[in-house]
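Heads up, the next two complexes both have chain A, just with different partners, chain B and then chain C.
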Partner chain A sequence: MSDPEQDQHRAWEEGGPERLYVITSGRQVPERHSSLDMVTLIVSRNEPGPGMQPELAAIVRICGYPLSVAELSAYLHLPVSVITVLLTDLLASGHVEARASALTQSLPDVELLEAVMHGLQNL
Partner chain B sequence: MDYRISEPVVGPRREDTLPASVTTAVKVVIVGGFGVGKTTLVGSVSEIRPLTTEEIMTQAGAGVDDIAGVERKNETTVAMDFGRITLSDELVLYVFGTPGQQRFWFLWNGLFEGALGAVVLIDTRRLEDSFDVMGRLEERGVPFIVAINAFPDAPTYPASELRQALDIPDGVPVIDCDARERVSSRDGLLTLMRYLHALTTTNPERR
Partner chain C sequence: MVRADASPGRPGPASTARWPLPPVLLAICVAVAVPLLPSAARAHAVWIGVLATAAVAAADFKAARRGRAMDALREQYAEREAALQRQLAEQEVETVRMAKEILPEAMARLQQGISVEDVLRSTGRPSRVSPRFEAAHHAVLRYVLQAVEAEEDLRDAAQRAFVNIARRVQAIVHQQALELREMEDRHGQDPQVFGDLLHLDHRTALIGRLADSIAVLGGARPGRQWQKDIPLFNVLRGAMSRITDYQRVELHSVADVGVLGRAAEPLIHAVAELLDNATRYSPPQTRVHLTAAEVQSGVAVEIEDAGLGLTDEARIRAERALAQHAAGGLDLDDLGESPRLGLAVVGRLSHTNHFKVSLRVSAYGGVRVVLVVPPELITVTPVPGGALAKAPVLPPPRRPSGPKHRAEAVAEEPVPADGPRTANGLPQRRRRTRAVIPAVRPQQTTPSATAPRPPASDGHSAPAGLWMSAFLDGGPEEDSGTSSGEAPARRPRRPSDEEPEQ
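Right, the complex of A and B next:
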């Protein structure tokens, strides 16, 4: 049960600390992010570059249509904070763009709520 | 080695892609005790098969003893189900269902920030579970409504009695719900939106 090699292997497979460290090139996964929310929509601007890190290329490839940070986390089996680190690179290099949502103000705006209600009523 | 990413990438199925025109995403959170029907509700309103996202929680100081046994004493991974509803060509709603048994979901950074609000699901057989959940929302200033998920063998109480027993603030809507029914779950979300709308229009200084 507690074969250390097996445990380590399992931690890696499940996205344990070692694997995440490698994916983010050892950068500290930040505690809190300023601009990227779980529902910030990400869209690619071009094709993955040659020799791009596989996780970065994967993001660029599947964001041909908008996908939220949460969906990226789900499809790539990586924690949201790791996705956020990867996206920081991709945003800086211009491979993807973020459609920042109209969230994070204190109270939602009335027009936004009305649009949500209207959409729900039509389901 | 991990080859998952090197294999052909698993992304959304064609029919699960959002229109390219979508510009705005909003989110709501479904909370409640263990087994109250959070995942069921997410699944019944979602247009996509519910997905699972995860986050690493770091717990410093108090409470570390509680998660002894994990490899890194102060780190744990929390998983959360979510679904999606495309509301218009521009607007999409994400619905997150918190895990019932994992104890640190409320530390998830960014879960409540920017959320429109929350639906608290209640099973009347286990009312005590809901205190903690509502307390967490109040702490964070997240507006919520209460939905009583109707399990067949669950005791029924008049709404006023429940309100008193659970100390639900006046004005917070309390509704009945069947999380398995799409329309009923949708109506729960609508009740939340109407409540938020009322809060916003009557008291714009709140929060």
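Right, the complex of A and C next:
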């Protein structure tokens, strides 16, 4: 595959004439769902219904196993804010559920980070 | 005097043959009366009778001759009158012909691009009327044609200027739209900036539509060209994204078809103009319904609003606005009023792309516009299901949870890994830094995170759950297979997902 930048550009070129605000119906990211952050895991609870907006259906379809908001954003080539708005809808309709990412209050230990670093270098 | 009226029907010779009658009668009377008179008066009577007869005869002869002269004159006048009337009639015919045939014909030829001189030469023909009249007509024709040509040139220049400017605006708007999209991707995580960008994006789209409208009215193509066929759903959403009140448009069921690339932009633009009219002329709290269904003659896009509706007169006017721009150039009048501008654009687009547009009164009381796209512009949908066109790029991440896959993954994975502990960490690390690190450590978060799983009902959520629990349990050895089995399933498919995370 080509580099993501190129790919994304082409996806837009070919993708469609619609703009993002139509996908979100012009809604802004709601405040009360600010709990949805990049790493919140999303799992679908049922199959996409008929007549669902394609983006919503796509989210429900690919969230058969937990995906983070950031991953959804990447897969769908949609910015995180758009995904958040769409997820708010899906959460409200009960099609998906959000699982809070694990706590982040404590820093990981240095040993683990080093191990990770080595692992990454070895890849 | 009496004969003046009857003169046309009365032959001249009859009157000349009758002139001796009075003197003869007088002579007879004299001849009859003279024997009755006493002899003394006879000689006088005879003289008087002869004199009177002679006088009457002379007078009558004179009168008859005058009559003949008058008849001749009258005839002459009648002839002249007839000639004049004939001439007048011919001139009238010629003038009418000028107005009804020559001028329109010459105008049509002029509009085909033939020069004034050529047009004049081809319309000149020998005429029965006087040369002066003919010359005058010719002069009038020339004058009119020259005036029209000058006007036409002026309009052409204006039109070219308009189209030229519109093209430039279109180019800028297109570029800006691309850049805005890039910015939206870049600032997707910041709701404030993102919202502002969307706002700008929307306004830019509106500018783009206006530029497109001017280009279309100027006889040029609307904005962009699409290389690929586009699903009708996206076409309609594209149309929605170009109007002010897109939030009021409700997109209902849309037929699962695609629109040929070359017809996509005209269709988007036409639907956008119709939607704009629908939203503009209905109360702001009402919705505008947009559907598309396959019909015998293609695909019917239906726009229904709950506005005031359409009187017959308004409908006729609107249909005329739709129809009259089938041909002809840019009408600057149209640029002023918005319904006319929109309808003129739709009319022009419909003409060039063979859309059929009809306006009816809606059951909601508003207007129901049906735009039928002919079947030759319709194709099978490029993306089955009418989903977003990007759908093929979407990974269908059904996790290959079979034991075979797992075995492969296990065989693959430990090679680059240092030890079991890091091998477990690394595949998970690909997912998200913060998501995993705490998961390895604080055990106490596990129950709360895994608790809401039961509602997940069907087949593939179970593996997901398995994976989750393994993931959260953080047991380094026993579940390395599961978690590393996860990674290869996703890894090849996400060349681009690092991008938005940064």
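By our rule, the second predicted complex is superposed on the first by the 78 of 123 C-alpha atoms of A that agree within 3 Å, B and C clash if a C-alpha of one lies under 4 Å from a C-alpha of the other, contacts with A are read in each partner's own complex, and residues count from 1 in each chain.
Rule of thumb we're sticking to: a residue touches a chain if its C-beta (ideal position, glycine included) is under 8 Å from a C-beta of that chain, and two chains touch if they have at least 3 such contacts.
Just so we're clear, the structure is a prediction, and the values are computed from it rather than from any experiment.
Student: Quick check on the superposed pair: does A:123 touch chain B, chain C, both, or neither? Answer first, second, both or neither.
Tutor: After superposition on chain A, A:123 lies in contact with both partners, chain B and chain C.
Student: Have a look at where A:110 lands relative to chain B and chain C in the superposition and call it first, second, both or neither.
Tutor: Only chain B; A:110 stays clear of chain C.
Student: May I ask you to decide whether A:97 touches chain B, chain C, both, or neither, giving the answer as first, second, both or neither?
Tutor: second
Student: State whether A:74 touches chain B only (first), chain C only (second), both chains, or neither.
Tutor: both
Student: Could you look at A:51 and tell me whether it touches chain B, chain C, both or neither (first, second, both, neither)?
Tutor: The second partner, chain C, only.
Student: Of all the chain A residues, which ones make contact with chain B and with chain C?
Tutor: Shared contact residues on chain A (touching chain B in one complex, chain C in the other): 7, 11-12, 14-17, 19-20, 29, 38-39, 41, 43, 54-55, 58, 61-62, 64-68, 70-71, 73-81, 99, 101-104, 106, 108-109, 112, 115-116, 118-120, 123.
Student: Flag every residue of chain B that touches chain A in the complex, lowest number first.
Tutor: It comes out as residues 2, 4-6, 9-12, 17-20, 22-27, 45, 51-56, 58, 71-72, 75, 77, 82, 84-88, 91-94, 96, 109-111, 113-116, 182, 186, 189-190, 193-194, 196-197, 199-201, 204, 206-207.
Student: For a test of understanding, state which residues of chain A touch chain C in their complex under the given definition.
Tutor: 1, 3-5, 7-9, 11-12, 14-26, 28-29, 38-39, 41, 43-47, 51, 54-55, 57-58, 61-62, 64-68, 70-71, 73-82, 84, 97, 99-104, 106, 108-109, 112, 115-116, 118-120, 122-123
Student: Provide the residue numbers of chain C that touch chain A in the complex, in ascending order.
Tutor: Within the complex, chain C touches chain A at residues 177-178, 181, 184-185, 187-191, 194-195, 198-199, 201-202, 205, 224, 226-228, 230-231, 233-235, 237-241, 246-247, 253, 264-265, 268, 385-391, 393-399, 416-419, 421-423, 425-426, 429, 431-432, 434-442, 445, 448-449, 452-453, 455-458, 460-461, 463-464, 467-468, 472, 486, 493-501.
Student: Spell out the part of chain A that touches chain B in their complex, as residue ranges.
Tutor: Contact set of chain A toward chain B: 7, 11-17, 19-20, 29, 31-33, 37-41, 43, 54-55, 58, 61-62, 64-68, 70-71, 73-81, 99, 101-104, 106-110, 112-121, 123.
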